[in-house]
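Here come two complexes built around subunit A, the first alongside subunit B, the second alongside subunit C.
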Partner chain A sequence: MELICPAGTPAAFREAVDAGADAVYCGFRDETNARNFPGLNFSRQELGEAITYARRKGTQTFIALNTFMRAGHEDLWYQAARDAVRLGADALILADFGLMAHVAETYPEQRLHVSVQASASNPDAVNFLVEAFGARRVVLPRTLTISDIARLARQIRCEIEVFVFGGLCVMAEGRCSLSSYATGKSPNMNGVCSPASHVRYRQDGGELVSELGAYTINRFPREEAAGYPTLCKGRFDIADARGYAFEDPVSLDVMDQIDALREAGVSALKIEGRQRGKAYVAEVVSTLRKALDAKPEDRRALLARLRLLSEGQRTTAGAYEKRWR
Partner chain B sequence: MEFPPSLAAPLAVVPIPVVEAAVRLMFRSLLKRHPALFERLGEHKGKRYGFRPVDLPLVFLVEPARPAVSVMRKPADVAADAVVEGPLFLLLALLEGRSDADALFFSRALTVTGDMEAMLALRNALDGCEIDLPRDLGASAGALAPLVSRAAEAIRRRALAGENAAWN
Partner chain C sequence: MNAAKPTLTLGPVLYLWEGEKWRDFYFRIADEAPVDDVVIGETVCSKRLHFTDPCFPPVIERLEAAGKRIVFSTLALVTLERESQYVRSLVADSPYPVEANDLSALALLEGEPHWIGPLVNVYNATTARLLARRGATSICLPPELPASSIAEIVSATPGIAFELLAFGRMPLAISARCAHARAKGHIKDNCQFVCKEDPDGLPVKTLDRQSFLAVNGVQTVSFTCQALLAELKDLLACGVHRFRLSPQDCDMVAVARLYDDVLQGRLDPEEGISLLRQIYPAAPLSNGFHHGQEGAAWVARARNIGHGAST
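The block that comes next holds the complex of A and B.
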């Protein structure tokens, strides 16, 4: 299985390549990708240099153009696709059907991957994208169990890529409106979930209070690890109880399930985290590379240290091993 | 590792202009080596960034637009758009992209207040820059370059031992 690694800056890109990535995914510095954060992402020149660096080391580069085009402004996305193809992207990761159609018609030789943002998670949806646009791979949402993935793999005609480590989105990605509800901005249209412009942390007595827009998302006691203020990981008062309604502030880690994922028909394992720094990328990629090559019984010890890098300093297998509350 | 109190204490009495002159020398040296450092900030280049090492009696204010750095003595209420607070060596490790800022924040080793977007932009700009303090500061030390680099490297190694900052 391939190891697909994130990069938000040229420095992180080189770290990912050097640490053993089979492919690195990244995006341009604009709203065409779902990690449109300030100071992050690549100019055309930076991406061209990164691709050259990756090629020299036998690593592929996937370019994410995975937001939805704004009506009347399609040229921004078309130009990004044109430049990505010209620079030599090994694959484009797309979410918008209109953009998929444009790429399939204009650049028929270009390898096309279906972004998790496209919310394609059943055989009909995936096979439609394969037949209509020649999609070669689908990135599945983090809402399926391993059995679901195995069932799906038997019924579709393209490769499967799944997230195995990093930030855990528990929603039907591409269709979630929680960030938009709280801030007016979403990963789908603006490339940002719970944007930092709307995030505020403040001390209240001994507690760290996290806020998103006008909403208090969480209050962390002094000794408790903190998390990002996303609505899906907020602590809510429900009836007489206070707790996490959707998901705790934790990160995904299913690296102890890689044999099961392989048997299920997964071709590529994806690490989330283009918004994380190069230290994180280097550490996670090199550790997961070692874990992939290690015997199953040795993996747990290798992976233990990564927990400290995770949101909330805790990890979960998420929906891959879903248990109802 | 915290900055040794025996070394921090004298900074409470050393005249601010003296400290500021040394800090500005290092700041200019870094910018000379990394002229594009602040370009990634985009619209956040005009913001003011405060750094409050918990183990020093000093506060630092960086203004990328000018570009300039000033030093104040605690408990100065620094007029910054965003402030990050934590042990000095961790702040320096962040400057080099040697530690993961998010992980430090989750673990509560760092505190960020004010404009989160501006601070995030600065974190990303620093991360993309490949600053190496021993190398960069040594480059401005003329004939003393090897000595400065080696000393700074030894301090860094000792300071970051056990801080999960073993990148490169």
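The block that comes next holds the complex of A and C.
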């Protein structure tokens, strides 16, 4: 199985390549990709240099153009596709099927991957994207169990890539407008979720309050470490309960299921984290590379150190495990 | 296109209403509500299908007798084999047009006239035209779209009917996990159908007691109710002629009459807004997405904000 690694900066990109990534994915510095954060991503020139560096080391580069084209401004996405192809991207990761159609028609030789943001969660959906646009690989939404994936793999005609480590969307990706409901900025349209521009922290008595737009997302007593107010990982009042209504502040880790994923028919394992620094990328990629190449009995010790890097140091297998639902 | 008569569509009931309540709701819609099209069928959770199945034949019969055009809805999230089978058989056997709410239905409907629901990501005219070429005759655009995008898509996609969510809590997210079951101490596989206890959704409040969201099984909807009333005139001018009313647990016949009155020029939109607040007092109104702001916002005097200005 391939290891697909994130890079938000040229420095992180080189770290990922050096640490043993089979492919690195990244995006341009604008709203064409779903990690459109200040200080992140690549200019055309930086991307060209990164691809050259990766090529020399035998690593592939995937370019994420995985937001939905804003009506009337499609040229921004078309130009990004043109430049990614020209610079030698090994694959484009796309979510908008208008853009998929454009790429399939204009650059028929270009390898096309279906982004997790497209929410292709079943055989009819995946095969549609394969037939209509020649998709070669699908990144599956984090809504499936490992046995769901195995069943799907038998019925589709393209490769499967799944997220195994890092941030975790609770909602079906590409189909969530919670962030724009609170802030006006959304993953689909602006490439951001719970954007820092709308985050505020304030002290209220003994508690630190985190807010997104006009809404309180969490309150932390003094003894508790405060987390970032990602909307779906906030604490709310629901029914008679007070707590994490959608998901705890956890991150995804299913690296202990590598063998089951391989048997299920998965071709590539993906690490989330284009917003992470180069030290994090280097550590995670090199550890997961070793784990992937190690014997199953040696993996546990390797993976234990990664727990420390995870958000809140707590992890979940998410939807891969049936009980999570 | 501009000469088309404006019409109302009743969207599918997104919540779990038990058999009789569901049946009686549609009987009354058939008899009294000025809606032309009725989109019907489970959209949120495949586990709920057996609640309404027995009531389908009499409801369909009553709606047809009343001259309503019927469209069958499909599931928003299809992951299990039996969910795939359900969508396949619905598409294969439906005597009525089918509305696609995910990519599987979209794929299966190629080549036959069909509708696209608001849960399919249509953010630009390239995508809308692609869907039209595949057989879509009607697209209900996603609630998140601002007016500028709507105007652009509609003007660049001739020959297809566009619809907008004009009333109802907005669908915001869907998950493999059931937050509704979780809130009541269950997991999805053993949910005991607790979502039927909340026919208008289960409110989610912030720790500072702000009303924020509502959960409806695996779906999360806005706490606010989308209300496009002052915007209708501009929308008609830019080529949108169909407006969707999404059923909430209130007098939907009154809601339909109110929208019909505004569309026909019998009722001033501002008066309509205050009447709507009385008909559905449970949720504050919002129209923020339409005006390019946060979805929960309410932009008053919206009629002064032009639509076609940017195009």
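Just so it is clear, the second predicted complex is superposed on the first by the 308 of 325 C-alpha atoms of A that agree within 3 Å, B and C clash if a C-alpha of one lies under 4 Å from a C-alpha of the other, contacts with A are read in each partner's own complex, and residues count from 1 in each chain.
Quick note on the criterion: a residue touches a chain if its C-beta (ideal position, glycine included) is under 8 Å from a C-beta of that chain, and two chains touch if they have at least 3 such contacts.
Computed from a predicted structure; not experimentally measured.
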Superposition on subunit A - do subunit B and subunit C clash or fit: fit
First (subunit B), second (subunit C), both or neither touched by A:P38: first
Partner chain(s) touched by A:A196 [first = subunit B, second = subunit C, both, neither]: first
Subunit B, subunit C and vertex subunit A (Cα centres) - angle in steps of 10°: 120
First, second, both or neither for A:P10, with subunit B first and subunit C second: first
Which superposed partner A:Y280 touches (first subunit B, second subunit C, both, neither): first
Comparison of subunit B and subunit C by subunit A residues contacted: C
Least Cα gap, in Å, left between subunit B and subunit C after the two complexes are fitted on chain A: 18
Contact residues common to both interfaces of subunit A (with subunit B and with subunit C): none
Interface residues, subunit B side, partner subunit A - complex: 40-44, 97-103, 105-108, 111-113, 116-125, 127-130, 164-168
Complex contact set, residues of subunit A against subunit C: 68-72, 74, 95-99, 101-102, 118-125, 127-129, 142-144, 148, 151, 170-172, 174-178, 180-184, 186, 188-189, 209, 213-219, 232, 234-239, 241-242, 245-247, 319, 322-325
Residue numbers on subunit A that touch subunit B, as the complex places them: 8-12, 15, 37-40, 195-197, 199-203, 208, 220, 222, 225-227, 276-280, 282-283, 305, 308-313
Subunit A-touching residues of subunit C, taken from the complex the two chains share: 76-81, 83-84, 87-88, 102-104, 106-108, 110, 119, 121, 123-130, 142-145, 148-150, 152-153, 156, 170, 172-179, 182-184, 187-189, 202-210, 212-213, 215, 220, 222, 288-289, 292-297, 311
